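Here it is, the structure in full.
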């Protein structure tokens, strides 16, 4: 970067100063405690240094001193906006090591909860991205729908944010007819809302002008930087953990994976909106063919001590490809748990993507990557 | 059913299970436990000895103490299909209808305000003469009264517009807005907020230039009040009948830009300075389309005097269509739209609110202001919105002329007020619907789109006049 | 491509890698013999075999059971003890388990078209652990290597900016090491 600056310095007397500006750790665009140190020359950004770690709680170390059931509680706090896939990925890894087979009803419930949570998380993204670009109204519509989903979750597990619902061997509680009726009601209510959101924000010319040619990521760049989730699919790479390594019976559901064309902010945004549609489809199918049976596998001990081994499980979280690498040495707590956090890896591209862009585009780009700091910092 | 489950649970304590399966009492019919599959389902069997360990209560929606609630929390499925079925909707509609009817009735009763003004002037003249003062004192008192009225129009507009904006934004966003202060839909909210702002500490940053910092809000708000002088509030109801009304208004409105720059510079904050400069660039740029879009109106009316422009739109074409400038083919609509968009940009409202709201990195020009000084900036903004609404009503909507041929009862000031409020509603409505332009896109839009079209509009107006 | 086919292809190109004794469940796990193999293996995987998606860069500390003092306040593993079970010692080592004073760096490469994953592991001595950095080949390694350095202390040679990323600047030591002892800082009472 320094040689770019000396190249810009002209021989005559006009001296341009580069200004160092801190974006955060407190700023109105609600992405959490993230600090980006920007060096700007007038309107153009010459250097961007994201500084993370404000929310680091050391869950990987904490997991080494807790039993397997306790670790599920730790997982909720990573991507707190969509906590069900976090629980799920840890349970999948632990079940792989322990060799536990999950009953089909529990699998179907897991799928329903994860997809509902994906809808809730993408609604939050949709609302906050609207606010970032100046449209205040879609935020409230998105949160009105999100409240309904959170009510559903509160009915089933008592919590609105950190559910701890998906446990080792199955799910915590079964759902009853009242819940199923409310879930169907919600799905019927939600389907026309998606068209409303498209009219309100997605194809609004002002919004498209702000996001269409901004933050372009090519396919090769996306793969090289290890992006995942809608960031990767917005650039046209067809990779979804639900289709690549199906889990919890995803191969039985009929859904498509939306892809973007040129990897702009708008493509990533629209991928997420389309994913909401697909999630609605999956929830409908899962609700229709919810099998009867147990919701918890037999044979999971109260203090599980799996045989020594290693396992890796990954799910398609709302932010990207969330993975857990679990090493067991035969004791009651994991010997090593590593979290492959999609937001952490997605955020790294910011140091390259912001350079050369205008200051006014920073928020649009940052919003389109859709990070949650709990997952970035763990 | 209950029997099967309890027997299943009854056998669990002997085998250490991972979790005692907490089967709620009302589990769905399909979830029969695996081991006790073939039990004959005796529906009327007596309850067994070991009930399930945990029983989770049925979730109750829309119910409290056994009775059905009128409003659901977040499940509006009961309300959406037929809004007229809900009592609160009907009550609201009746109330609105009542308010409008009351306004119309009182307007009809009061009649034209200009006649009352003439009577008041005669009263003052008589009063002055009876005390033996020269006749000029009457004029002095009359001017003082008019100044006070105009000032109060701007101030009360601050109260009303902010309340209305909060209500409109709330209802657009499916909320309710202020409901508490004053009881009836929170009408006293802005008064309370004004008192609160008066009591707030007035902070001047240490690095700021104290006099410029203190003077900037005054320079922003004074031109607004002054610019209301030639604005007609109805028939013969302007504070000052200026021949050059339009030019005067635009000149006064342009003075505020200096105040904005002063505010940005005097805050001692380089981000405020950048914000202030961006704001001034935007404000100065958008004055051009605003002025040029009015030229066709002036061409049709033949004068800069606002009352002449309003009177030029009196009368009805083909017996029913009012001769308002907005109905003139192509020219009227184009001029209306350009003037509306440029006014929204002039008043720093979304989608052109870069100076106010781009605060994630570059703070707006009024960041370093607190308490009353800050509220003065907002008074000025809503004052300009009101000014733009009245101008829109005067230039394009006939300003006081009734749209109905058969109506001779409702006075002109009520029509003018109604049209101005309709235009203000458009301003407030647009703010909460559209996202925000980036500053370079904003400038592009002004110089490369609005300005050429306003020139083209002048050409169309010339063509129309030539063909007439 | 099955795992055996994949391993056959890899061994054809890189005879120095072998299958690891502990396979990560359901995925092919390879073992490297020394640090010099890292770059050739990564390059071959990326350019010739289509594994151009780096998913994980992390490490495991095999020295023994973690020392909970100083990072867990009143460690009590018997809080949720079932009735009648014996109270547990906390945390205890498994007998006959091969604990050794080594770091094991774990990489995971993905092939997005074939939807396959391969894990690559390398063991390093705990003192002065150095590994060549993959940041030149895969930009995804950039922050993950910084995180591994921050939490374990493994140096990645050739990394453009190997600094702390997650822990605050006053943290002394590398927290994910099993023998990490917490030094009292301004957030402890």
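Going by the order they are written in, the chains are A, B and C; count residues from 1 in each one.
Going forward, a residue touches a chain if its C-beta (ideal position, glycine included) is under 8 Å from a C-beta of that chain, and two chains touch if they have at least 3 such contacts.
Every value quoted in this text rests on a predicted model; they were computed, and no experiment measured them.
Counted as hops between touching chains, the shortest connection from subunit A to subunit C is 1. Of all chains present, the one whose mean CA position sits nearest the global mean of protein CA atoms is A. Centre-to-centre separation between subunit A and subunit C, using Cα means, comes to 24 Å.
Per-chain Cα centroids separate subunit B from subunit C by 58 Å.
Spacing of subunit A relative to subunit B, judged by their CA centroids, is 37 angstrom. Listed for subunit A are residues 302, each touching two or more other chains. Taken residue by residue, subunit C touches two or more other chains at 82, whereas all remaining positions touch fewer.
The set of subunit B residues that touch two or more partner chains comprises 16. Those residues of subunit A lying in contact with subunit C across their complex are 52-53, 56, 58, 60-62, 64-65, 67, 69, 96-97, 223-226, 237-239, 244-245, 302-303, 308-312, 321, 323, 325, 327, 329-333, 335-336, 338, 340, 344-345, 347-349, 352, 377-378. Contact residues on subunit A toward subunit B in their complex (touch as defined above): 19, 21, 23, 27-29, 38, 105, 130, 132-137, 139-141, 144, 147-148, 151, 155, 167-169, 173-180, 182, 185, 189, 200-201, 204, 206-207, 209-210, 290-302, 358-363.
Partner subunit A is touched in their complex by these residues of subunit C: 22-27, 29, 52-56, 58, 60-61, 65-66, 68, 71-72, 75, 77, 80-82, 85, 88, 90-94, 97, 99, 106, 108, 112, 115, 117, 119, 138-140, 142-144, 147, 151, 164-168, 175-176, 180.
The part of subunit B that touches subunit A in the complex is made up of residues 16-19, 21-24, 26-28, 30-34, 56, 58-59, 61, 73-77, 80, 169, 172-175, 270, 350-351, 353, 357-362, 432-441.
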